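The structure appears below as structure tokens.
In this document, chain identifiers A, B and C correspond to the written order of the chains, with residue numbering beginning at 1 in each.
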């Protein structure tokens, strides 16, 4: 599990540029599935045939990132966000471009000196990337406009916790890969969607789900932790690391199906897998678009609690990862009865 | 006789947060059964009741009214069993202090509770001008923490507690008149159709999850593929500080890009013929009601919107005028009578 | 116990009639003398073994509420507050207007969708109004008029292990005094039980009652604020539910005598009745008037902790009721020992 995870999170593949991760996932599951294809949006769709109804598992392959849009006369690279970034978190982070150039996100000192550090001034208009180029020409020789970038932040094993960029949502990709590799028996006709462009608006999953028309949908994604996890954590967020996978109740994209949740709770209880409930005041997952596919799909989401979301140091708990794998495995083996 | 008061009272008392509408559906199913030919619940938890018509083309009119209500879910259980909440749907945090609610426990029992307040004696001057937020609002059930943790968990649903009350001159106040009042109007139309000859099949859709993104209506329309759809929802009534739809002066008829001009015109004509008052309600932007998602299902569905004027929307003291409900029944019945085989052809753009 | 019935009765300051009539009826069989004074105080005498000193127990009958200030031509009812009520607790609440006719109404607010500055603008009192469903002021002629009292529309109910009602402040004190009278104890000294009016608008009833009785020893029975919830700093709790009657050290404008404070503590310790000390001096009650009235008097305040007072919904703990009643009864039976100290 750790090896797959390390491999996946260290691949750079922001929204819309998922091919590297898509290839890695494909290579690790191809022998274990009946069919595998990539659709026009880049979604990787694997099929493990079964006699029951269609059950779709979804994890998104993309990560948040940046795109180079302009190189100024000093050779600084100006970037725009791909997915949800809070610019305040960005100054002095290292990033790596699609073709290997590295740099750090710089930020005008004049802005810092104004009232000490007026963080409100920090925006993609005032940030730039310094790739060490002495001139515009040097920069242009290293970077092409339109080249994407992601955090330059490798996987770290902290003992009981793992830390890296792109845990969101490669942790779920790794879980699904592990599930596919180890699943012995299953009832349902299983579809695994490794979706693209989640971070820019649940794009890939919507199309994939439309094509598959599943009866049940389960999105696997990460979720935030709050006041019970870190001292000044968000008051409105109850989730914490180490308390097991989070069964989604609601977020901005979806009210998860009540009956499906209850069934999953029963499965977890039977297998003595700890779990927590997720109520998230912000954000959404692919569950939101799977749910409203055509005439509707019984949908929920299982989340891996993750600290410092959308930062270069997203952190998950090893036990949570193991318990989530146990849970999705138990789900995949059984027949869903609502 | 259709018993408006009883029906409104009963339907608004029920628990039915967005995504958890089953008690409301059970009640409607029982009450509407004598008036319709068949019914079912679909995947996203909307309830569909069908009144068959006599026509040969089996054309379908869908009347969509959402039955979910706004409220909260438990966001966290705090010391001494106090509950932090997270809204489901748009609830104004300013109205919540000292407001009574019910939280539903794991056995579906309703536990009364109240949003806590700090009494004036202890409020600091700077707190007087602070607008309450979901960080500072908590619920008190009066139960001990042990018991709270046994019966309630993160995600347990919470609704307003509010009894349906008669005010003066046909006005009524209550919670979730948005939009259960329109569901009762749909039932009254079904009741009316028992004694009316009509060609088209009428699909009464009691849709789920409107308050969290009009989800039930869109998926139901996908499944039903109606020829014409009319969404019925509450609209902003005239009240102190807002010049909206006047109460007691008939429904609002939506006009704008979300609505098919021919249907709008036909509804207006029906109203004029029957001397039913109405107010035109310009909606410059599609969305917000079931009509928003129905219109763009599959290859598109001719859609219109009827609005029931409502004051104090999204509070536990929403106010409607019963006359408006009755006007809508009359208008819809008249419109349904005009639906025949030729009507379909008239819907084509020239 | 008649707490439930008492709380359900309407009775804002100056309009305590229904409460008074109810109490008078309840205690008629246990009174040696009943007086109602000019301010509407109900004064009930229990003759003692000795008439050389006068003892007084006092609770106020009135509750906070609203009053019709103006009826607009569009039928909207504007109101003013009677007693301390924050504007923030009023929107979307239900009220009953006690006019010639009794009308139900709701306090309106602009829907959240239509508010331009929803997150920024606090609720202002002058933007609030009551909707009774009238289309114009003509609809209301003969039903309600300016000055009619308005009460919160809240019925007594059990809430988990707690009780819920409006007006625990101070019907709980009234109820305890009724229970004390019903014990039919002959006290050591002549004792007056005063059900006072107009506390919430400036401690007015108790002033005239004190003048008439000139007590040597008095106890005020109150419902006091309990702010024991996790969002409030611990030092603002004031009192906590379930920890017994609250004994006051001081409140706004008055410091209780050390003698009284020690006496209350010793009685509760002797009878093993739990008590707590009121931890804030915020708020005041009739004890101020009594303590500094006329020649001055020994006065103490025993309070039942009540959450969310001065709002439509308040909560209290049944055990606090029982313990406050027990302590009040013990003081009632032993106050001669205090006076001979």
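In the analysis below, contacts are C-beta pairs under 8 Å (C-beta built on N, C-alpha and C of every residue); 3 or more make two chains touch, one makes a residue touch a chain.
Since we're looking at a predicted model, the values are computed, not measured.
The touch graph of these protein chains is an open line.
Core chain by CA centroid proximity to the global CA centroid: B. By count of C-beta pairs in contact, B-C exceeds the other of the chain pairs B-C and A-B. With centres set at the average Cα position, the gap from chain A to chain C is 57 Å. Averaged Cα coordinates give chain B a centre that lies 41 Å from the centre of chain C.
The geometric centre of chain A is 35 Å away from that of chain B, both derived from CA atoms.
Counting partners per residue, chain A has no residue that reaches two or more other chains. Contact with two or more other chains is made by no residue of chain C. Taken in their complex, chain C has these residues touching chain B: 74, 76, 84-86, 88-89, 91-94, 103-115, 118-123, 127, 129, 131-135, 139-140, 154, 157, 159-162, 164, 225, 227-232, 236, 238, 280, 282-283, 307-313, 315. Of all the residues in chain B, the ones that touch chain C in their complex are 78-80, 82, 90-92, 94-95, 97-100, 111-114, 116-123, 128-133, 136, 138, 140-144, 147, 162, 165-173, 236, 239-242, 248, 311-317, 319.
Looking at the complex, you find that chain B touches chain A at residues 18-20, 42-44, 73-76, 84, 86, 88, 134-135, 153-155, 209, 212, 215-216, 218-220, 222-223. Per the touch definition, chain A reaches chain B in the complex via residues 226-228, 235-238, 249-250, 254-258, 276-279, 281, 291-292, 294-298.
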